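Across the two complexes that follow, chain A remains constant while its partner is chain B and subsequently chain C.
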Partner chain A sequence: MPWKLVLGVCILLPVVMGFVMYACKNKIEPRINRWACVTVFIEAALVWWAVLCCPGDTYTLFSLTEGITLVLRFDGLGRFFAGLIATLWPLTTIYAFGYMAHQPRKGMFYAFFVMSFGVTAGVAMAGNLLTMYVFYELLTLSTLPLVMHEMDTKAVRAGRIYLVMCVGGAAFGFAAMVFFQTTGCSLEFILGGNLSEFTAGKHVTVFMFILGFFGFGVKTAVFPLYFWLISASVAPTPVTALLHAVAVVKAGAFGVIRLIYYVCGTQLLSGTWGQYVVLAAALVTMLFGSSMAVKETHFKRRVAYCTVSNLSYILMGAAMMSPVGMAAAIMHILCHAVSKILAFFCVGAVLETTHLQYIADMEGMGRKMPVTFATYTVAALSLTGIPPLCGFFSKWNLLTAMVEAGNAAGLIAAAVLIICAFLSAIYMLSVMVRAFFMPGKNTGAGIIEADKRMLVPMVIIAVGVILIGIFASDFMTLANNIATGLI
Partner chain B sequence: MTEFFINFPCFSIILALLASAVSTLLGKSAARRLTIIVCALIFCASLCTLYHVVCAGESVTYMMGHFPAPFGNEIRFGIFECIMAATFSLVMVLCVIGGAGSVIERIGGFRQNLYYIMADLALASLLALTYTNDIFTGYVFVEICTVAACGLLAARNSGKSISAAMRYMIFSLIGSGLLVLGIIFLYGITGHLLFPQLKESVASLWASGQYRIPLTAALCLLTIGPAIKSGLFPFHLWMPDTYSTALPGSAGILSGIISKGYIVFMMKLVFQVFGTEIFFESGISLIFLVFGICAMIFGSVGAIRAKSISRMNAYSSAAQIGYIYMGMGISAEIGMLAAALHIICHAVTKSAVFLSSGELIRVSGGKSDFFSLQGAGHRAKLAGVVFTVGAMSMVGIPLTMGFITKIYFARAGITADGMTLAVLLALAVSTVLNVVYFLKTMIRIYTPQKVGSQEHIVTGAPKGKMLAFSGLVLTVLNICLGLHCEPLVQLLRRGIEMI
Partner chain C sequence: MNTAFMLIMIFLPIVFGAVLPAFGKKHKLRNGFVTAVLAIELALAIYFAVCGGFSMKLWSFTDQISIGFANDGPARFFSLLFAAVWLPVGIYGFVYMKHEGWETRFYSFYMMVEGALIGMACSSNLVSMYIFFEVVTLTSLPMVLHSLKKEAINASLKYLFYSIAGAFMALLGILFLSRYCTTLDFAPGGTLDFAAMAGKEKLLLAIIFIGVMGFGVKAGMYPLHGWLPTAHPVAPSPASAVLSGIITKSGVIGIFRIIYYIVGAQFLRGTWVQYTWLILAMLTIVMGSAMAYREKVFKKRLAYSTVSQVSYVLLGIFMLTGAGVVGSLLHVVFHAAAKVGLFLVAGTVIFATGRTKVEELRGAFKEVPLLGWCFTFVALALIGIPPLSGFVSKWYLATAALSSGLGVICWIAPVVLLVSALLTAGYLLPITVRGFFPGADYAPEKRAPRLKDVHGGAVLGVMHVVFAALSVALGVFSGSLVTVFSNIANTLF
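Entry: the complex of A and B
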């Protein structure tokens, strides 16, 4: 089986289809749903086929210049990420059909929505840091029109912030990347890393690692580079849900894990000041995101702040620089992805159906939109970390990893995690309480349950959240196997 | 068979000079056609010469008319010179084709062939600067180049453009003055004008320690003169006025290749007269490095503060020139390689950016402020795409040529002793600043106009096809080099060893 071709098609098919859809957007506008649907499902099938069957060989595509080669390789972590996006993308597409039904410029929306699927698949399949960096930049550019979809002043401003922070941040990652390559650290992804000694001096190397961490970490909204994520919540909800809860931000987390565990390696870095800086950044972001979420009164922005906080759980796990930490981080990528996409879907369903934006308006809504708020409850409970749901297990794993580290840093991290868990209970569950247990101000008859095309994906994902919770030990084994290199 | 190709550089210079002379007699469109044909021929000739030099594996010294030195004149070319000549002629022909529409629109009837005379002259002098083996011939063509550039700038008959051309002339003549002083110093010390003899005596004088101060002064003058002429910070202040009043084609020519011609000439001086050891020992390299970094930052800051797209492009040119000088200041091998690559990258990219912004301005009612430009990318679709790709290349987004040069600058920076962090951080910060203004403009031209603002009335005959052709060729070239740059890099590397 010419797997190189299959992987190439996985990346190129949506990109080419996106261009085609953009070029004839006026002609195919009435049938755009069909085009998007067919492309996304074929692509998802292709990616899943590659995830399950593709051998872990290295496929060299071509070289840009000396030493700069684009390489594809599917290892455990890449398969995991690719599987995740290939599951959530089709569901989001169905949701988008409902959400976007009455929005203008659907042609452009679906063109770039499809295109970014291919680019995200490229991030997952990249075989070295350079290839990942290339797709990383392309991901920013291909998702920019989605962020700016509304094209009003707010959206354009959000787009500018998004571009400057993500492309600008990547420039620092670029400096670190070229530094590592030139000082003899290969950029190939090998579990355990390639950095065998500090050829260029310990402190310079550690400094460059931190530059790289923040460079790739911009996409995970690490403090103080978080506000693009908040302002980008002006995008249509399918975009916020998929890109700013899963694809883009998880690509950032994925990039940081790649940098720490696959390029630099934990051998030399753990115990240096670099590790503590990185850990401190993650902890500060967690506390900051949680407290801002409590303060925020706008429903969608509150969930966005929750994302900021939760992404740093992943970074914290990654910053522990141990296999247990990495496994916990991977587990949280999965659990947060499904829970948060569900939470955003609910926010979007309310927003599109009723145009209510603030949390105070949610009073009594639980009775008018029972399915929406039932699924929201599942998401909220999972994000808070209530036992049978998947969020509990990922938090449990993170705590275990912190405590197992056994040092002061680990214990502080564990304490911060517990504080954040309390805060998340406040900000997630308070909305639920308002919706179900408070008498509604909005007694108007106009409010009805959301479009079916939105409800179906929500229910499917809610069931998924519960199932992942039930079979958590299997997923944990999977994460452990990835972290120890068995897959 | 390829032996015959060694005559081509000499023929090219003469052909361009002849074309400018003949153009005076021709009508306006005939002059344009002649210029395009001649530039295209010169491009092909440069490729042929390049092929010969690559096969031969060594540079060629060519005596014009087979007379030895005092009577005849020498040119010398290796891979580096041929690549630069090819770049210059290619960008020139594309700028002439792409800028033709605006020339017809803006320049009154009989003056149009004057414009093409200047373009021919500029190309002749650029080729001579690239190929020359004689420092005095170099100086003569530096002056011809200045005059031609002023002509291109002042072609548009408005008070603003004439005063901008004057300003350019003053800055440029200061540079020429320093250059000629340097040549006099050098001639006074050594008594030679040809590069090989100069190099021999400079090397022996430097080794013996004699005339150390005058030699250093000559080196300073000979490098800082061209630096002023090409607009290195803080001498970039003529750029915004000049480029914003110039025609798009002229701005493309001036920023894309004329300012590069001086840099190529200076690189030749550094390699062929002083030798890189003296250049790096004397500390001039450090000046280049520091001022290059300053140019990158301050040029970009100027671009962010600029109120119109043409001034923004001008400040961006100042920043990009900074990259080139930074590369030259780092090291003789990889630093110079990065600089040479960036000369090509910037020539290809910036000319496309200037041409496309000219078209974007035209469809916005001739206004170049950002507010009027809103939605211009929808009114002129192709120009929007060309500008977008150009902007991405200037930022250094992967799969464009800008990314490749950024990699080489970063690699060069890492080899710089003690300056590693400065160079890497400057690159990163400069990228952030580039994103701020270039991609902001990219978003701006695709933002729909506000409801109620007046519709722009497009006046003048569109010369869409010619502009589209140039823009497309430059964009495709940019992306192709971005996808696979290895052959060019290896050629340039051999070329730099060969200089």
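Entry: the complex of A and C
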């Protein structure tokens, strides 16, 4: 099987189809749903095929010069990430059909929506840091039109912030990458890392690592580089849900894990001040995101702040620089992805159906939109970490990693995680109480349950959240195997 | 067979609670159905109380995290207590809840809470118990919310946030214990892995302290008791009764299990942790009673009384002696019977007359003597007048304190119990006195209706008599209870 071709098609098919859809968007606008649907499902099938069957060989696309090559390779972490996006993208597409039904400029929306699927797959399949960096930049560019979709001042401003921060951040990553390349640290992704000694001096290397961390960390909204995520929540909800809870931000987390565990390696880094800086950044972001979420009164922005906080749970796990920490981070990527996409879907369903945006407006909505808020409850409980939903298990793993570390940093991190979990109970569950139990101001008729095309993916994901919790041991084994290099 | 019965006992009320809205407007049928389920629960609890011990594993999420049930001593005792209180209070509610409305929703969650509580009591490992602990919080929340008034919503959010904060503190404890114990399955005497924890004793003590304080939130332990006097009174009276009398005991179960079945008394004895717990419990006892004494609203007074009384139970547990355990388990039963009885009296007063303040009760018992007599007996039992029930448990607690060898606490604890008993008399007995003897100038605009004139008054009357009789009888026949609890306590040391 020419797997190089298959992987290439995985990346190029949606990109090409996206361009085609963009080029003839006026002609095919009435049938755009069909085009998007077919492309996304074929692509998802292809990616899953590659995830399950592709061998872990290295496929060189082309070399620019000596030592600078674009290569594809599918290892455990990449497969995991690819499988995750290939599962959630089709569901989001169905949701988007419902959500975008009454929105303008559908042609352009679906063109870039499909395109970014291929680019995200490229991030997952990248075999070295340079390749990942290329797809990383492309991801920023291909999702930019989605963020700006509304085309009003707010959206354009959000787009500008997004562009400046992500491209600017990537520049830090680029600097780190060049440094590692020139000091003899290969950019290949090898579990355990390529950094065998500090050839350029310890502190310089650690500093460049931190530069790289913040560079790739921009996409995971690490403090103080978080506000693009908040302002980008003006985008249509399928975009916010998928790109800003799963694809883009998780690509950032994925990038950070790649940098820590696959390029630099944990042997030399763990115990240096670099580890503590990274850990401190994650902890500050967690507390900051949670506190802002409690304060925020706009429903979607509250969920966005929750994302800021939760992404740093992943970074915290990664920053423990141990296989347990990495496994916990991977598990949280999964659990947060499904829970948060569900939360965003619910927010979007309310927003699109009723145009209500603020949390105070949610009073009494639970009785008018029972399915939406039932699924929201599942998401909220999972994000809070109530057993037996999946969020509980990822928090358990993260806490275990902290306890295993056994040092003061681990203890502080555990305490911060507990505080954040409590804050997440406040900001997620209070909405649930308002929706179900407060007498609504919007007593008027005419508020009905959301479109079925939105409800179906929501229910499917809600069931998924429950099932991942019940079968948590399988997913934890998977995460452990990735972290220890068995897959 | 036992496995099936156990699963039925735990999940029957949860599942049927969820399908209760299907009855729609058929209220009689719904009430019959609820009664049947509650009765089945009681029958199963009795069955498990007498049948042999067994354990089962329902599901393993991971190696460490599993749901399992067993019927060891505390499981039998607590599940029987829960089921025995749930049935009469449920029947009382059929009458009472008519004026509150939304009965179907109330009974939905009422049943679910029972299942979750029994699941918590019967859990055979720490994580399983924690899961049901969370479910108890979430399913009891709508009972506090019931009236949907602003104060109810604020109270319920307070309840939710305190409980979740407590639960996460407990989770932190559980997590560390999972690292430093051989297993999270309950075993009398504890499962600490002394080899693994060598050198980490101080850290572990601090973490256990936090974990127990987390469960202590549900038991209304100072300084995290703030939600209790807010949340309990706003619920409908049958809900306040079970919240105060029973659901606070879910925190007690958590603490009891962690201390005696995971950590082991040996590890904690004589440490700063034990002393701090004891001091906090004694503070709570006095503070709760004093606040109750000052409080003007009847149900709120009872809620503060709960804060104080549940800490009697905790005081006994924290003494880490056999006598202390016996005393606290006795007090669990007696306080449950007495506090449910008191809240039902408060409920009937509200139901029949709409009076909520203590001073409005003036003359009420003269008009409705049955209520007055039931209230008085229950109050005397709670104060601890021999031979009524409260006396027995306080006797055990005081003698346990004297023989505990805890230095100065040997003497302080009985004094605290005495002061609190005086305060209890101070906040309960004036109600009786003024209720029966309103004074010569008492000229009510409107007399309270007699119970038999109230629709369903007979049911209310019977339930008052039941709990008053229990408060008396449990004290008089406490010998067999002491035997049962001594058997439990003997396994722990």
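Throughout what follows, the second predicted complex is superposed on the first by the 486 of 487 C-alpha atoms of A that agree within 3 Å, B and C clash if a C-alpha of one lies under 4 Å from a C-alpha of the other, contacts with A are read in each partner's own complex, and residues count from 1 in each chain.
As a working rule, a contact is a pair of C-beta atoms (placed from the backbone, for glycine too) under 8 Å apart; a residue touches a chain by one contact, two chains touch by 3 or more.
In this text, all values refer to a predicted model and were calculated from it rather than measured experimentally.
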Touching A:148 in the superposition: chain B (first), chain C (second), both, neither? first
Scan A:179 for contacts with chain B and chain C and give back first, second, both or neither. first
Which of the two partners, first being chain B and second being chain C, lies in contact with A:437: first, second, both, or neither? second
In the superposed arrangement, which partner chain does A:164 touch: chain B (first), chain C (second), both, or neither? first
Does chain B (first) or chain C (second) touch A:19, or do both, or does neither? neither
Could you tell me if A:358 is touching chain B, chain C, both of them or neither one (first, second, both, neither)? neither
Which holds for A:276: it touches chain B only (first), chain C only (second), both, or neither? neither
So in the superposed three-chain picture, is A:133 touching just chain B, just chain C, both, or none of them (first/second/both/neither)? first
Shared contact residues on chain A, chain B side and chain C side combined as an intersection? none
Within their complex, chain A touches chain B through residues 62-66, 68, 133-134, 137-138, 141, 144, 148, 151, 156, 159-160, 163-164, 167-168, 171-172, 174-175, 178-179, 182-183, 204, 207, 211
Can you list the chain A residues touching chain C in their complex? 381, 384-388, 393, 396, 399-400, 403-404, 406, 411, 414-415, 418, 421-422, 425-426, 429-430, 433, 437-439, 469-470, 472-473, 476
Residue ranges of chain C touching chain A (in the complex, touch as defined): 59-63, 65, 67, 127, 130-131, 134, 138, 141-142, 145, 148, 153, 156-157, 160-161, 164-165, 168-169, 171-172, 175-176, 178-179, 200, 203
So in the complex, which bits of chain B are touching chain A? 392, 395-399, 403-404, 406-408, 410-411, 414-415, 420-421, 424-425, 427-428, 431-432, 435-436, 439-440, 443, 447-448, 482-486, 489-490
